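Down below are the structures I want you to see.
One chain, chain A, links the two complexes that follow: it is found with chain B in the first and with chain C in the second.
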Partner chain A sequence: MSTTKTRDLARPAPAKASPAKPRRGLRGSPTFNFWLFTGPFLIGLTIFVYAPILWSLWLSFFEARFTVTPDKFVGFENYTYMLTNDDFVGSLVTFTVFAAFIVPTTWALSLGLALLVNRLRFMRAFFRSVFFLPTACSYVAASLIWKMSIFSGVRFGLMNTVLGWFGIENIAWLADPNPPWYWLVIVTARLWLQAGFYMILFIAALQNIPDELYEAASIDGAKPGWQTFWYITLPQLRATSTAVILLLLVAAYQAFDEFFNLLSKTTWGRPPLVELYYKALGESQDYGAGSAGAVILTVLICAVTLLQGKIMGFGRGEESK
Partner chain B sequence: MSALSNSNWDRRSVMRAAMGLAAAGGLAACGGNTGRSNASGSGVNLTQYFHAYGEAGTEQAIKKYAKAYDKANVTTQWITSADFESKLFATLLTDNAPDLFEFHPQIQMIRSGQVADLTDIVEPVKDDFNPADIQSHTVDGKIYGVRMIDDPQFFFYRKSMFEKAGVEVPTTLDELMEAAAKLTTSKVKGLYLGNDLHNVIHPMIWSAGADTLNEKNEIAYHTDGVIEGIKKMRKLFTSGDLLLGAPTESWDPSSLNQGLCAIQFCGMWAMPGIQDALGDDWGVFPFPKTIDSGKQSVYNGGWSMFVNAKSENVEAAKEYVKWLWIDQKEYQEDWATSYGFHIPPRTSLAESATKLKSGNAAEGVRLFNEFGHFDNIGWTQAMITSLEDVFANSVRKDMDPEAALDKADAAVNRELKKLFG
Partner chain C sequence: MTTTMPEVRESAPPSGKPVRVKRGGGGVMSSTGLYIATGVATFLFLVPFYLLVRNALSTDAEITGENWKFFPTDIQWGNIGELFSDETVPFAQSLWNSAVVATLHTVGVLLVCSLAGYGLARIPYKHANKVFYAVLGTLMVPTAVTFVPSFVLVSSLGWVDTYRGLIIPGLFSGFTCFLFRQYFLGFPKELEEAARVDGLGYWGAYWRIVVPNSLNFFAAMATITFIQGWNSFLWPLVIGQDPGSWTVQVALSNYMTNQTVVFHMIFMATAFSILPLVFVFLFLQRWLVQGIAQTGIKG
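The block that comes next holds the complex of A and B.
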C-alpha cells in the first residue's frame, strides 16, 4: 500500500533502521486497514450499484407496471418480450456500429493529442488544461450547445452559416435522418467531451517511458519518428491503451445523455439504454420489461468486458509482457 | 525493475482515475432537491408539480395562489416541459411524490391507483364545467381530475406573407402543402410543425375522419385515410418547405415571431406573445382536411389538477384543489387569460372572459367549439408514444405506413389488453 511515487521505488531505498517490532495496535493491522480503505467504497457500491442490480433482477420476473413492488410473477415473459422486440435488438446493433467507430476514433485522437502536448516545449500546462477542460462539461450542456447553436437546422446555425458561404443549402442536421447527419453531431460532441480525459491518461503513461529506451533504440539505429513510435512508444503504452479501450467500451455501452438530448423522440440512433428508457422505463413505466432489458444488457457488458480482457491481457501478471 | 514499476504506475493511475470518476459521479447523483420544504409552517405541507409554462409570470402566479392559501403550506416544483412526464411518473412511485400535480387524463393512472377520486369536490359544480371536460375525466362514473385550462391547438399564419405569395387559407392538406411551397423563400420556410412533427399526429388522424380509439376502446386510427395522410406528410417532410431543426419547439411561437416560417402549428396560449411581436399581422386556422371526405380538426388539449392517491395528505390536497380550482374564480380567470390565453373550462368564466371575446382570440374559441376534439382518457402515454414512432418511422424515415401502423397496433393492443382486458 505504498503511496510514494513509483519513480522512488526504482531507486535503491536509503538504508533505514527498521523497527524491531512494528506493533502499532489496530492501525497496524492489515485487515483493519483493508476495510478502512475499501469499506466506504464498498458500502456505496452495494447501495447504489449492487442492490439496484439485484432489484432489477427480481423485477424482471414480475409484471411491474407503474410500481416497483409488484406481486404478479410472470417468469421469463419479460425476457421473451424484450428479446423478440425488433427495436431492442436493433439498438444492440446501433450500439455495435457506434462502438466500433467511436472507440478507435477516441483512442487515436486522445493518443494523438497526448503525443502533441507531450512534445511541447512551452505552454504545455496551458494546452493540457485546454484539452482537458471539456471533460468537466456535462453531456447535457454540450448536447444543447451542439443542438441549438452549432448544428442548429436554421440558416443562422454555426455550421449552416459556414456552409452558406460556399453556397450550400441549409441542412437539418438532427431533424432529418436521411442522410444520417446526426451521427456527425453525436460523434463530434462525444469526441470533444471525452478525448481530453483519455489524453491525460496517455500523457501520464508517456512520461513514464524511460528515456533510456529511446537512447538505446537510437544507438541501435532506430530512426526517430514512426519507427520509434511503433516499436517503443506504442508497446510501452499497452497497459494504458487496454484500460482506455475498456473504459471507452463501457462508456459507449452506457451512452445515453447525448443521444437522448440530441435525438429526442426518434426511432433511429437509439443505443440500448435510450431504447430501454423509451420502451419501458420512461413514460411507459413497464419496469418488468425494462428490468429484463437492463439485465440482458448487464450480462452483455460483462461478457464483452471479460472477452476483451482475455484478448488484450488486461489484469494478467507482469510476466505476460 | 523499472519496466515493472512503470506498468504498475500505469495501471494504478488508470484505475484510480477511473474510480475517482465513478465516485464523483456517484456523489453528484446524491443530494438534489427532494421537493420537500423544510420550512415548517402551521398545518400541512403540500407539494405540487407543474410543467414549466413558457409565458412570463406564470410561475409567480402559481406561487402567488399557493401563498394565498392559509390552511396548508404549498410548495411548487416548476419542471422543464421536456422532462415533466418522466419526472412525474418516476417520482409518483416514491415517497417523494408530489401530493398534487397537473397532467392530462390517462386511465392507467386510475387503474394503478395513482390518482384520487375527486367526484365529491367536482360534483356540486359539475354543471358549470364544459361537459366534454367532465367526460374526459370520468371513469365508471367517478371524476378523477379538475380541469384548469383548455388549450386548443391550431395553425398560426402571417397574413402579410400570404398576401405577398398570393395564398389563400388552406382547407385541405394538399392546399397546405401547396401553400408551404409558395411561401418558402431563401429566408423563410413555409411551414413549421415542430422539429419532430408529433403535435400534428392527432389532428391529422381526426381530419382523415378517423379517431385514436372507438367507443369500445378498439383501435380506430388504422384506416386508409390515415395512411394517405401519412404519405402526404412524408411528401411534405421531404419537400424542403418545412422548417426543421429550429431552436425552439412548436409550443413556443418564436419561430413565427422571428420570421423563420410563415405558418406555425402552435396553441392558443401563444396568442398574447404573437400579438406583441406581430401586431395584427396574423391569423389562425384549424388543421385542414387530410382527405377530401375528412373534416377540419382542432386538438383541445389542456391541463388538469390531480391528487396523488398515495399521498399522506390526500384530504388536505383535495381541499386545496377545491379551494383554488373550484372556488377561487378570480384566480382561475387570472390563470386562464393574464399570461398565455387558455379557455376556462368553467362555462361561467368562459362567458365572462372579455379578453377572449374579440379578434383572433374569439376565432380561437370558435375553432375550439366547432372543430375541437378532447382527450380520450383511454388513450394513454404508451399509445401516444406508439403513434409518435409511426410518424418517426414513416414520415421522417421512409418506412411503409402500413407496416409502421401494424407495429403500432401490436403495441397499442398490448396496452389495451392490460387496461381493458
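The block that comes next holds the complex of A and C.
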C-alpha cells in the first residue's frame, strides 16, 4: 500500500525534467549553428589559404612578370624553366641533403636531452627550462648572435678567439664557401633553437611510458641501460618520434629566416624559399616562375613526408592505449 | 526505487597524479657523469644568451677589441637609454608593432579557430566531415610556400604596410583549428547537456560553459600562438616594406645587414626583442609546456 503511494509521489519528477527537448528555431538549429561557429574560419580559409593556392597554381601556367593578372598561357614552361634552373634545383638537392642531416641530428639531440633531464633527481625543472629557453629566441635574434658574436669571421668572434688559443688561424665562417664552414654555423644555430622544443615532446612521451614495462623487463632480466632503452623506451616513443621527424622535415625544407639573415649577401647556401623570395619579389618580379617553384617545393615536401610516413609506419605507433 | 533520477556517472578514475615512480634500474651513466653532461650542455645552451647580454652592455671597443674578454670590465647601462633615444632607428616603434601584431594575432587565432574547432567537433551537421577534410587538406601545403600568392593577394587588397596585412592572413590556421577540434572531442558532454537543459543554445553553452571550463587549453594555445606571432619573420618581411611598419624581427634583420653597424646597439635591440618572451617563459611555462606536448603529440 505504502509502496504505491511513494510511487505516486515520485510521478511528478519526470515531468519536471522534461523540458530537455531539443530547441527549435534558428538558435537551436544545428545546421545554422554549425555555420555560425565555423563560418568566419571557413571564409578566411577560403580567401587567405585556398585562393592563394589556386591563384598560384593558375599563375604557374602563365607568363606573369610584374603582373598578377597575366593573359599569356605558357603551359608548363615555368615548370621546365624552374626545373632547369641550376640555382633552384641545386637548392632543392642541397636542402634534401640538409634535411637528411639535420633531422636525425635534432631528433637525437632532443631525445638525448629528454633522457638526461628525465633522469635528473635535482633541479629537473631548472635544467628543463635551460634547454627549453632558446625556443623563446627568434631565428633572427639567434642568427644575429651567431653571426656577430660567436662565428664572427674576424678575430673577436668567440670561436676564433677560442681557436686562437690553440694557434689556429681565423676562419671566415660565413664569408667563404670553401670550405663550407657556414653549414657549421647554420646547423649549430638550428640545433640550439630547436632541440629544446622537441625535448619537451619527448619528456611528455617518456612520462607516459607505463612503469610496469620497466618492471616487467627487469624481472625478465633485461639490463637497465641500453637494453631497456632499445627494447622499451625507443619503441614506446615511436609515435612521438614519427611526429617529431615529420615536423622537422617540413621545417627543414621551409628554412628561411636564418639563411636569409646569415647569408644575405652571398650566393651560396640558399634554401628553396630564399630562391623563391628573390625570384618572385626580387628584381625580376617573376610571379609565374615563383609560383611554379612553390608548387614544385610543395610536391617535394608532400612526397618526402609521405615517404617518411611509409618508412616509419604512420599510425602504427598509436597502439599505446 | 525511482528510476527517474538522472544516473550519476561515476567520477572519473583518479587520473594520473604526478606521482613519480622510480624507473627500473640505473642506466648507462653514473650519477656523476649525468651531472657533468648536464653541466656541459647547460653551459653550451646558455653561452649565446650570455654573449647577448654581455655585448649589449659593452662598448663597441670591448665587443670588437683585440683582447676579447669573457667578462667585460665595466657595464654600460647607458646603452639602454641610447637605444631608445636614437631618432634614426625606429626601434621603439617596431617593438610596439610586434606587441600589437602578436597580441591581436593571438586573440584572433584563438577566437576564430576555437569556434571552428568546436563547430567541427560538437555540432551535428551532415557535411561536417567534408568540411573537416577541407580544413585538413590545408595542412598538406606548408604555409611558407604560399607566401608569394598570399603577398600578391594582400597587396591587391592594399594591405601592404598595415596591421591588417600583418595580422589577418595569418589567423586561419588549419592546424590550430584541428587542435581545438581534437580537444573539444574530449570535452565532457555532460556539461553541455546540463547547459542545454537549462535552456542555453549552442552559442550560449559555448561561451558560458565550454570556454570557462577550457581555460587551461586556451592558455596553452595562447602562449604558443603568441610566441609564433612575435617571432615570425618571413611574412612581416614581405608585408612590412616601410620602416614604420617593421616588426622587431624585421628591424633586427635590417640592422644586421646594414653596413654601418653599431655593435652594442644591435645587441641591445636583440636583447629587448627577446625580453617579452623571456617573461612569457618565466610566468607561463607551465601552459607552454602543456601546449607543446599537446601540439606535437597530436600533430
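The rule is short, and it goes like this: the second predicted complex is superposed on the first by the 261 of 321 C-alpha atoms of A that agree within 3 Å, B and C clash if a C-alpha of one lies under 4 Å from a C-alpha of the other, contacts with A are read in each partner's own complex, and residues count from 1 in each chain.
Here is the rule we use: contacts are C-beta pairs under 8 Å (C-beta built on N, C-alpha and C of every residue); 3 or more make two chains touch, one makes a residue touch a chain.
Keep in mind that this is a model prediction, so the values were computed, not measured.
> Now for A:Trp230: first (chain B), second (chain C), both, or neither, which partner does it touch?
neither
> Taking the superposition as given, does A:Tyr139 touch the first partner, chain B, the second, chain C, both, or neither?
So A:Tyr139 only meets chain C here.
> One more residue to check, A:Tyr214. First (chain B), second (chain C), both or neither?
The second partner, chain C, only.
> Report for A:Phe101: first if it touches chain B alone, second if chain C alone, otherwise both or neither.
neither
> For A:Gly44, is the partner it touches chain B (first), chain C (second), both, or none of the two (neither)?
both
> Pick one for A:Phe76: touches chain B only (first), chain C only (second), both, or neither.
Neither partner.
> Looking at chain A, does chain B or chain C touch a larger number of its residues?
Between chain B and chain C, C touches the greater number of residues in chain A.
> Taking the superposition as given, does A:Ala204 touch the first partner, chain B, the second, chain C, both, or neither?
Both: A:Ala204 reaches chain B and chain C.
> First (chain B), second (chain C), both or neither: which does A:Met148 touch?
both
> Once chain A of both complexes is superposed, is A:Thr240 in touch with chain B (first), chain C (second), both, or neither?
Touch status of A:Thr240: both partners.
> On chain A, what residues does chain B touch that chain C touches as well?
6-7, 10, 41, 44, 48, 68, 148, 154-155, 197, 200-201, 204-205, 239-240, 243-244, 247, 264-265
> So in the complex, the part of chain A that touches chain C is made up of which residues?
6-7, 10, 13-14, 17, 19-20, 23, 27-28, 30-31, 33-38, 40-42, 44-45, 47-53, 55-56, 59, 68, 113, 116-117, 119-120, 127, 129-150, 154-156, 158, 161, 192, 196-198, 200-201, 204-205, 211, 214-215, 217-218, 223-226, 228-229, 239-240, 243-244, 246-247, 250, 253-254, 256-257, 260-261, 264-265, 273, 276-277, 280-281, 287, 290-291, 294, 297-298, 301-302
> Give every residue of chain C touching chain A within the complex, in rising order.
My answer: residues 1-2, 4-6, 21, 23-29, 34-35, 37-38, 41-42, 45-49, 51-52, 55, 63-66, 68, 112-113, 115-116, 118-120, 123-125, 128, 131, 134-135, 138, 140-142, 144-153, 156, 168-169, 171-172, 174, 177, 193, 196-197, 199, 201-203, 206, 227, 230-231, 233-234, 237-238, 249, 252-253, 256-257, 261, 263, 266-267, 270, 273-274, 277-278, 280-281, 285, 289, 292-293, 296-297, 299.
> With touch defined as at the start, can you tell me which chain A residues reach chain B in the complex?
5-7, 9-10, 41, 44, 48, 65-68, 148, 151-155, 157, 172-178, 197, 200-201, 204-205, 208-210, 236, 239-240, 243-244, 247, 264-268, 278, 282-286, 318, 321
> Could you please specify the touching residues of chain B with respect to chain A in the complex?
My answer: residues 1-11, 13-15, 17-19, 21, 23, 26, 29, 82, 85-86, 89, 92-93, 108-109, 112, 114, 187, 195-196, 198, 237, 243-247, 260, 381-382, 385, 388-389, 392-393, 396-398, 418.
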